[in-house]
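The same chain A turns up in both complexes below, where it pairs with chain B and then with chain C.
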Partner chain A sequence: MHHADRHKRPPEWGLTMPSFGWMTLFFLIPSVLIFLIAFRPALPNGGIGEGWSLSAVKSLFDPSYPLVIWRTIWVSAICTTLCLGLGVPVAYYIARLPETKRRWVLLLIILPFWSNFLIRILAWQTLLHSEGPLKQLLEFLRVMDPHTTLLYNVWVVLTVLVYTELPFAILPIYAAAEKFDFSLLDAARDLGASQFRAFWTVFLPGIKRGLLTALLVVLIPAFGTYAITDLVGGTQAEMIGNVIARRVLSDKNYPQASALSAALCLVILTPMLIALFTQRRQNGGAAK
Partner chain B sequence: MKRSSAPAWTTVLVIVFFYIPTLTLIIQSFNSAKYGGGWQGFTLDWYRKLMHEREVWRAVQNSLWIAAYSTLGATTLGTLGAWMLNRYKSKLQSAHYTLMYAPLMVPEILMGISLLMFFVNLGIPLGLPTIILAHITFCVSYVCFTVMGRLQDFDDSLIHAAQDLGAQWPTIIWKILLPLLGPGILAGALLAFTLSIDDFVITFFTSGPGSTTLPVYIYSAIKKGSLATINALSVLMMLVTFTIVLVSNHFINHKKT
Partner chain C sequence: MGDFFELQTITKTFGSYKAVNHSTITIKKGEVFSLLGPSGCGKTTLLRIAAGFEQPDEGRVILDGKDITALPPNDREINTVFQNYALFPHMTVWDNIAFGLKIAGRSRSYIKSEVERMLDMIDLEEHAYKKPAMISGGQKQRVAIARALVNKPQVLLLDEPLGALDLKLRQRMLLELDRIHDEVGISFLYVTHDQGEAMSLSDRIAVMNRGHIEQIGTPVEIYEAPKSSFVAAFIGDTNFLESGKVVKQFADGYCNLKLDGFPDVICYNDNNHAVGEPVVISVRPEKLRVSFDEPPDHQYHNKVRGKVEDIIYFGSETKYFVRVQDYRLSVFQQNIHFLLEERQIKWNDEVWISWHGNDSYMLQRYTPEDEHLLAVPDPQAK
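On to the complex of A and B.
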């Protein structure tokens, strides 16, 4: 018997098809579908009409949208900056702790995030509520006017967004920092680099991969923020996700919702594809 | 050389920032003031009321059923997918890889909307089945990459040896693959279960009447402003998850030593 014959491999196509087919049917096709539905007319009572129309795509130039899109971009950008800015020192600190303490501090950081996402938003609502503890404290200290509210503005959204995303930034940065050789920092200091310079030119480049993962892990969900703005942000803090949801839930204008979703999809994909291509070119096309 | 104390302080502040909202929530769940105003005395009323809320328990049931089916589906598809990705390096597999990886790069709301459009277009009524289909879809990628992490340490010659000894594929899967890859598959399944139980956004867009899950229930309760019993419910849910996390952590640490 032939050697290759005896070690018969399972048929590649047949066994790849279940997951390949599933993801094509329930991920790829629906994703392509929103680009198609964007060119369909909307029915007056909700739903998708026959034929083709540009009205949903034209509605993207609605004068109220640039403001919402701009807000989505800057809130996501500040959130990501804050998460990386806080994530780096925390990850650095944990990575330099002795092994036994490390596990406990990590657990302490992850623990609150094992509660449901909505519960975390609810916790902030309870904390900032007009009769909640923080507001009462600020009123007592005469820092705050009793008639104003802490809730329902874009800063609350930003705070809660950082709160929900920060651990997901800390974890990949920590994973990279754990593998970093800290004696390199001491070496840099011995050679006369200042503490800041050693940190900036030795440590940060050393954890580049972790930073990149953290960036994506925070930025992508931030772009799609929906529940946080809906529950603690109010109408003044709306982001693209809220407009999409309104088109779907109250207007049932599916073509417009699809056009907005497709636009958001492009906003996210474009920088990633650019990053992918530049990386490929740098690697000479060798890496996958 | 003196090290800066800034990282230590940042860590302390971050941990305080992480715990203040949760602690407030726990304290408020025992506060007899209905809208969580100042402290008006200790009470267990909200917990008692919660026990009589039928809707909550129906939502819990829905969530558990959905999570069970989604875990089963996603674990099967994800494990098989990971196995094929690890075993073959072909054009088909690089397309397969992209299909598995892409969902991780898409915000939940986009996935929710596109699945909703898909179901609406096909005329499939929204309900528990559509939620399960959606959950399997977003869990498959997580299971796949979790299992793939473990597969990289797997020694292929074990399979060759078994084949030389005359073993057929069913025996190989049952006697070699499952025991060795078990921990990886279990980790993937646990991840799928938690992701499914926890999901709000995708569920919200693919659910119909009568298919309220626990997160969707919490959402509508927050919207309605009936916060008091929800605080109690949240504390109970946290208690359950913390226990599960601590117990599994305990087991994982014990296995290592």
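On to the complex of A and C.
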């Protein structure tokens, strides 16, 4: 107590203020601006006009959008499922490794981050290119017709997306698995559960938080992806991110770009908030 | 009652480390059998082999006449109470207890009635819908026991079940375990490093040391007639008189020992050693009497003179450390009289120590390192 009196501790808000200020300045205000710009008219040669208009919001009902939105949803959903599906066994395996080996395997998993994201995508492009080694090999083996291409379709986008997002899925799942008490699996086995059943009824619920984090960390960037589709996907695999980029970069129609971004934001935010609230209600009162 | 659950000549190595070496235990139906030993003695490995979590390198596991060595844990009619309970944190107390029955595909009504019966037995009905994080250590312990027993196992394995509880709760849970055992009547295999738990709960105890079994017997046999210096020193406290040599054998089974640096003693020749053979005897501190007055002569009594080196007063009893030539004896005496009115024994007092020749026990194996297991090893020991 005396200690606390002599050196007055800074009040709690003093500690949260910097991050709160940062988030307000660079996240909250821009988000609000995007929502506002969605209700502005667009100028014919680019830029934002005066006054208010619903034309950008109405443009969301463009007949070409449903297909792109649907593709965005299913590609991100499959990507997330694959990342979690691959992430869980990998995280389980790492968490059960002895401490020293664990560090090396974790290093291998974050190794891709040491080279730039765009360079890694361009490497995929080179690898899959018509003159690239993989295509050449498949042609040589007569598996592939020389007139087709490995690039520029939605499956390539999915592959590269999974490749990019997988470490982001593994890390939070591993963080949860590392704290998991593996004697619980023994207990489940002891009580009659098969290995699979023990894994399903005890391990997965035990790492729920990690799974949820991985889900968000993979799903959200997958939803907004555009560089991958741009470089290896082509128009066949266009996702909502590409439409937004095009509205900004070539059309300079900021209100329409804002309307799309705001809609994307709402689509992601709404289920998240619902999940958060139902979870809080379930845990209601539970001391954690 | 025949042997019901058997671990036959079990050997298990981890890398180059021999955790269990050629160990056999046989447990009778309805018996509480303890594996007692210090950490790293192999008792937990033996338990994990019994549960099916580890496969032995050699040996067999037999339950009710059937060889179950190769069966995985989920196919054995054996359940375990784990060291740190291992309750499923995301399930309520009710769901934890119901887990095994649900896996076994029992009917809803059966599960309900059995879980309620268990909750009644452990007296936790009002906590049925709480998560494990919200109940106390003792309550968790009871849930862990109920969760195992609800499956009606043939054998219940308990791995240091009271280790995480404080002393008072431990004693209460010990009584509760005893009551539960009376109620269910199945065999218990109880693993512990705590001799008090093992002694008070068990029908029989196997004392383990460095991967092998030192001795199997009832608590009284283990305490009164330890076969090795390890058993004598690990369970309770004792005095070793290790330099004995039989010099004279009497017809009634007693013999005279000659010792280096200690007066000659008379003791019962438990192992029928011939004259001239070296022997080691162990005398428990509470078997020794300490007094100012010289005890009367008696044919089978030993009396030696010594000097008090240290005294620890516990209230109900006092521990005296008395130097007798090259040895330091530890003596535990009940304070059955009003001490303030008596002449109290003080440091450096000259006292008599006496014991009956039948109150010592002759060891079959003596290892000098085991002296370190004693409560207070003699600082002047060689």
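Structure notes:
Basically, the second predicted complex is superposed on the first by the 257 of 288 C-alpha atoms of A that agree within 3 Å, B and C clash if a C-alpha of one lies under 4 Å from a C-alpha of the other, contacts with A are read in each partner's own complex, and residues count from 1 in each chain.
To be clear about the criterion, a contact is a pair of C-beta atoms (placed from the backbone, for glycine too) under 8 Å apart; a residue touches a chain by one contact, two chains touch by 3 or more.
All values reported here derive from a predicted model rather than from experimental measurement.
Once the two complexes are overlaid on the shared chain, A:Ala42 sits clear of chain B and of chain C alike.
By the touch criterion defined above, A:Arg120 lies against chain B but remains apart from chain C after alignment on the C-alpha atoms of chain A. Measured by the number of chain A residues touched, the leading partner among chain B and chain C is B.
Once chain A of one complex is fitted onto chain A of the other, the partner contacts of A:Val68 are absent, as it touches neither chain B nor chain C. Legend: residue contacts after superposition of the two complexes on their common chain; A:Ser183 is shown touching chain C, with no touch to chain B. Of the two partner chains, chain C is the only one touched by A:Val202; chain B is not. Once the two complexes are overlaid on the shared chain, A:Ser194 sits against chain C while remaining clear of chain B. Contact with chain B, but none with chain C, is seen for A:Met272 once the two complexes are overlaid on the shared chain. Residues 186, 189, 288 of chain A are contacted both by chain B in one complex and by chain C in the other. Residues of chain A that touch chain B in their complex: 6-10, 12-13, 15-16, 18-20, 22-24, 26-31, 33-34, 37, 47-48, 86, 89-90, 92-94, 96, 105, 107-109, 111-127, 129, 131-133, 136, 163, 166-167, 170, 186, 189, 195, 216, 220-221, 223-224, 226-227, 231, 241, 244-245, 248, 254, 257-258, 261, 264-265, 268, 272, 288.
Residues 1, 3-4, 6-8, 10-11, 14-15, 17-22, 24-25, 28, 33, 35-38, 76-78, 80-81, 83-84, 87-88, 90, 92-96, 99-100, 102-103, 105-111, 113-118, 120-121, 133-134, 136-137, 140, 144, 160, 163-164, 169, 198, 200-201, 205, 214-215, 218-219, 222-223, 227, 230-231, 234, 237-238, 241-242, 245, 249 of chain B are the ones touching chain A in the complex.
Chain C makes touch with chain A in their complex at residues 51-53, 72-74, 78-80, 82-84, 86-90, 99-100, 103-104, 131, 133-134, 147-148, 151.
Those residues of chain A that touch chain C in the shared complex are 181, 183-184, 186-194, 197, 201-202, 205-206, 208, 286-288.
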